[in-house]
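The letters A, B, C, D and E name the chains in turn, as written, and every chain counts its residues from 1.
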Amino acid sequence: YKPAFGQQKGDLILATTTSTQDSGLLDVLIPIFEKKTGYRVKTIAVGSGQSLAMGAKGDADVVLAHAPTLEEKYVADGAFINRRLVMHNDFVVLGPASDPAKIRGLPRERDVFSRLAEGKFPFVSRGDNSGTHILELSLWGKIDFKPSGSWYIQVGQGMGAALNVASERGAYVLADRGTYLALKKRLALEIVYEKSRPLLNIYHVMEANPAKFSKANHVGAAAFGNFMVSPEAQAVIRTFGVDKFGEPLFFPDGGKSEKDLVS
Amino acid sequence: MSAAVIEARDLRVAYGDRTTLALETLTVQRREILAVVGPNGAGKSTLLRILALLEAPAAGVVRFDSEPVRYDSRSLLPMRRRIATVFQSPLLCNTTVFGNISLGLRFRSIPKPEIDKKVSLWADRFGVAHLLGQPAATLSGGEAQRVSLARAFVLDPEVLFLDEPFSALDQPTREGLIAELEGVLRESKVTTVFVTHDRNETLHFGDRVAVVMGGRLAQVDAPERVFSSPVSEEVARFVGVENILRGVVLEQREGIGVVSLDFGQIQVATEAKAGEHVLVCLRPEEIVLARPDASFAHESMRNVLQGRVDQVIPIGAQLRVRMNTGIPLTALITKQSWQELSLAEGQPVQAAFKASAAHVIRRREN
Amino acid sequence: MSAAVIEARDLRVAYGDRTTLALETLTVQRREILAVVGPNGAGKSTLLRILALLEAPAAGVVRFDSEPVRYDSRSLLPMRRRIATVFQSPLLCNTTVFGNISLGLRFRSIPKPEIDKKVSLWADRFGVAHLLGQPAATLSGGEAQRVSLARAFVLDPEVLFLDEPFSALDQPTREGLIAELEGVLRESKVTTVFVTHDRNETLHFGDRVAVVMGGRLAQVDAPERVFSSPVSEEVARFVGVENILRGVVLEQREGIGVVSLDFGQIQVATEAKAGEHVLVCLRPEEIVLARPDASFAHESMRNVLQGRVDQVIPIGAQLRVRMNTGIPLTALITKQSWQELSLAEGQPVQAAFKASAAHVIRRREN
Amino acid sequence: MELIWHGLVQAFRLIIAGDPEVMRITFLSLKVSGLATLLSLVFGIPLGAFIGLARFPGRGFVLSLINTGMALPPVVVGLFVSILLWRSGPLGVLQLLYSPTAIVIAQFILAFPVVTGLTVTAMQQIDPKLRLQLLGLGASRAQLLVQLLKEARLAMLAAVMAGFGAVISEIGASMMVGGNILGYTRVLTTATVLETAKGNFDMAIALSIILLVITFLINWGLTAIQQYGNRR
Amino acid sequence: MELIWHGLVQAFRLIIAGDPEVMRITFLSLKVSGLATLLSLVFGIPLGAFIGLARFPGRGFVLSLINTGMALPPVVVGLFVSILLWRSGPLGVLQLLYSPTAIVIAQFILAFPVVTGLTVTAMQQIDPKLRLQLLGLGASRAQLLVQLLKEARLAMLAAVMAGFGAVISEIGASMMVGGNILGYTRVLTTATVLETAKGNFDMAIALSIILLVITFLINWGLTAIQQYGNRR
């Protein structure tokens, strides 16, 4: 294998979502990977939308994202190859402890969102095309509702900021469990709805298509993809966060397919 | 004598450890014109800043209208508004000439029509009326100085401080202005303190002269007194006494003393007693020259010295004649008289002066 | 006459639509001292900036050492390094006095020990040696001017431009400096162009005088010539001819013309022909005064006028006597002579002058 | 590169079309940053003039503090202001967090040291003798200050532009204390960041260009004032 | 409020302990921003002096451009530099994106107009006659420039401080073109943002405080130089 012109041996650009970086998981995994393979990983933590867009332009070698619908579209366009399931965690609906909308105990997520829509209870939306935002939109979509108005607060920021706004405003918000656990201390928010299949937050790793982007480091990308689903990485994922939060932040799914998670 | 407008006592100003100014008493009388003269760096501008209440002295008291001045801006402002100051270098603001001249009036919230009237009056008087719209930064040196003068005069102040106000003016303007201003100041009864390096201005303009030397008041007196009877050798040299002779009084009778110099004896009017060391000051214009063979008709010419012409230097319409009569002497003489004498450099000459023409300074010690 | 160091031809400088300078030819000869005089705002400083190669004229050619000057910094620098300029206001840099005086030497990369030596020499000469460590911003007006002079002289230039270089100096220093500098300049053969408002400086210092008026060269001549024979009424007034009489020549024989004035006739030396309109210039010092009953011994005193003393103004050691003799006349006379006349304001007086004492300007028209 | 081109086209289209959302965001940017700049002028100029003209012990230290203030990271300011304004914070009762007022406060804190620091420098550049001359003409303290500011107008307008430039372009603080809430606290810069995060690079470029054009127009006006009458 | 206190304690602990990671990040911040400032001085001072001293048509326009440059939002610069440096971009072959060099480039673009603009103002404040006087003393162009800069040293040091302040505190550009890569391109400001995002507010405050203390020390030194010898 001969590297493409100007390619520096050993540099690998990973575009990923902020949640993996902010949770600290990559701070543990990347050094292991680097030590093992000798690649130097440049982690660019941006929103899912931006990381996929970067990858789709060939500016990232490998992408770790959690926006399955969008990912499938890009894969169909031939931007990525080798899309593999790495892990999941889940989304929760958070609200003020008083739960003015009486969400607690509602059976299905459609009921939750219908209630929020009908009562116009303050709801914070990330509004940034992130995985979380896309999921939220699809949930509104399922009840055929287009949220708007002053109760629907579009913050256009990362998860952490959105949680802060929700907490300050006494609003409901859809968040990934990891970020919530990390910030819980400072938030006046509690989980009011959780553990439902559509709220799963599924992370895939995918490599830039070498046929399309000759300058990309596909060997390194493949190595990273393989590493993420390897037993070693999966073991790290399984225990990550237990010491700090008393429960894991992610659930390893290496080797599984999305359908396996449905059941 | 009228009341003092400004009175300073025991002033001391120091920069670093150098004492720039240290003087005991100086009063400025109402309506007088006080000239301040002295060598460069003597402290004249510093003194002016203190008297104009622009700087607080390190020690001492300044009284304005008999009130001791308190250096807080609330009490200073009303006093300062009765004063106008023209600095040594015309510090103009970066606006038009009109903007500069009207500055003080605007500070005093004078209505616009009145400002326009006053500004055009004084701009005209100082010959800058045609420049009113020009940016001050583009003025010539003399024009700038005129503007800075107009800026002060337009305020119609009670007390006016002028620091070398005419130094950049061309000579005809200067002479014209001085004549005109003297009239204006005397008629409007403005108290004026001005610093100058020009002897004519001092003599012509000042009611009194304060000689500042090395930060001290060396002499305060009427102009003629300062020029004719300086109190010390330094003052004498400064006011242009070119002939200063050191000697000892041999005898003195009825106010006429015989003084022994290195090269002979002269008779001068003095109260100094026999044995006293004295300095004899002779202004060059007091020395009369004659051909070596002439005899002096005037009996009052008690002193006649024989000598030789060293050098003749033209000074305007006059000539400065340097000669050697045992000691070097300098005389001032009109070109006309010189031609009538038909003498030249190197030729012998007689120099004579009256006993009363000399001014004698009694020296404490040798 | 030696070669021209600087030659300017058809210069024109305009600011906005005002033409500030417009002159045909001006040459500065090698080793001469050229005095530039003129009223405020005449364009003297502007002219100096052009001659010193600091400003490009809007039109015209300047030659330096016979080479036409090209206004790009590459060709200007070596020429400018042979020139030193002292501006009208001492523009000192915000550093110490030493830093200022050594500035030009450092620009020329002179070695440090040599800089030290030269600076201390010239600082001493200009009396600022004790100030070398002081920040320039704290200097007095005169001290600053001395520093700016030392800063130029220390460069030992071929050509020196001085714009009113002595205006802030005290009189003794000024007189001393002028005498000393004249020696230095003549001995070191430095070509010097200097602007001044002081008649004595002009007369004493200049080999030639250029009179600038309203942006034009009114007259370029030897100093005595400019003072005694001004080419126009303006120049005459500017150089201090206080008596200018308008008249018509009645007849002229062997160089002596009879001029009819409003109040009578006078005889003056002139080549003007009968019928010509002339201006008769009489310097005040050329007028001799006498008691009304005296008769003039000198046969050459062709003109004797009867009048009355209006005003007596002291000017230094002299008096300016204003009188009315049908037209106003001013005479300059020593205090001594005045005392001997024992006249007073309001009393009748005789004024006389020689036919040769008057300078006649022939007027084109009117 | 063609992204930038797309952005230009997009910007042009947005401006021509007068997209109401973009208009509102632009207007809010101007309002918030203009207000913050104005406040910083009101407080910064007198303080800066005082420090520039007076002599007192500890002056150098104060000056260093102010100059450090010029390097305050917007996110740090955002963080501190957030902490103060949190409901649990000391000023929580005011309910200001995530409001335009909060952005004004944070931006004021950013612009204030810039204006103050540059005013200090501007005042120090003036010949101290001119102050005496103005006092000698009868200027009161306030008149003296105004006249000196006029004299230093070049530097003062630079201070205004630097202060405005610092806040109109700032993101960290607006994001943190404003929350980038659509239709309420979203300004041009936070909108740009959002579009970038969304991967809508051309829209981000379009918004940046609008921001730059507006800033340019304002600076053009100020520069014209600054240079006017400075032709000596 | 007790968060700030925690942050102070934490900052103190980190500095005392000499935490190697924090040390590295701090050092990188200083190196990158120092270099960017230096470059902006090298290019900005001559350009600023030229614009300040020369007269040419379109000067006002150029000045407005530069002043607008002072208000360039860091994220916009980050975005444009990213687009240029993307692998798919025109300078992609240089492989500079997500490297400290990329941050230096972006920060240079930010500091350059600040330094240039303030140099222009500084030069314009100098009496134009002084230029002639210096030329009259035989100054070459370079010597003239140096002497005028010395004369305006107060304003020039303010320019240096403003330029450095603009880049050391900036986040948007460092984040976008540097990528906030641990051990490679993570600087104090991006680390602060990350810690804030992680909810580690005390660590974020600690990092901010380190940044402010360092900036303060540098400004203190520069202010001492600036004020030295300005006691007229």
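Points worth noting:
Definition applied: a residue touches a chain if its C-beta (ideal position, glycine included) is under 8 Å from a C-beta of that chain, and two chains touch if they have at least 3 such contacts.
Please read these numbers as outputs of a predicted model, since none were measured by experiment.
Separation of chain B from chain E in touch steps, taking the shortest path, is 2. Once the centre of each chain is set as its mean CA position, chain D and chain E turn out to be 17 Å apart.
Here the CA centre of chain C is 57 Å from the CA centre of chain D.
Averaged Cα coordinates give chain B a centre that lies 23 Å from the centre of chain C. Each chain gets one centre point, the mean of its Cα atoms, and the points for chain A and chain E are 35 Å apart.
Of all residues in chain B, those touching 2 or more other chains are 89, 137-138, listed in ascending order.
Of all residues in chain E, those touching 2 or more other chains are 128, 196, 201, 230, 232, listed in ascending order. Counting partner chains per residue, chain A has residues 161 touching two or more of them. If you check each pair of chains against the touch rule, the ones that pass are A-D, A-E, B-C, B-D, C-E, D-E.
Across the interface of their complex, chain B is touched by residues 15, 37-41, 44-45, 88-89, 127, 138-143, 146, 163-164, 167-174, 197-200, 203-204, 237-238, 240, 283-286, 288, 313-318, 332, 334-336 of chain C. The touching residues of chain D, counted against chain E in their complex, run 1, 3-4, 59-61, 63-65, 67-68, 70-76, 79-80, 83-84, 89-90, 114, 117-118, 121-122, 124-125, 128, 152, 154-155, 158, 161-162, 164-166, 168-172, 176, 189, 192-193, 196, 201, 204-205, 208, 211-212, 215-216, 219-220, 222-224, 226-227, 230, 232. The part of chain E that touches chain C in the complex is made up of residues 127, 129-130, 132-141, 143, 147, 150-151, 229-232.
Within the complex formed with chain E, the chain C residues making contact are 49, 52, 54-55, 73, 77, 80-81, 83-85, 87, 89, 91, 93-95, 103-104, 107-108, 135, 137-138, 151-152, 155, 161. Within the complex, the chain A residues that touch chain D are 46-47, 49-50, 52-54, 127-130, 150, 153-157, 161, 164-165, 168-169, 188.
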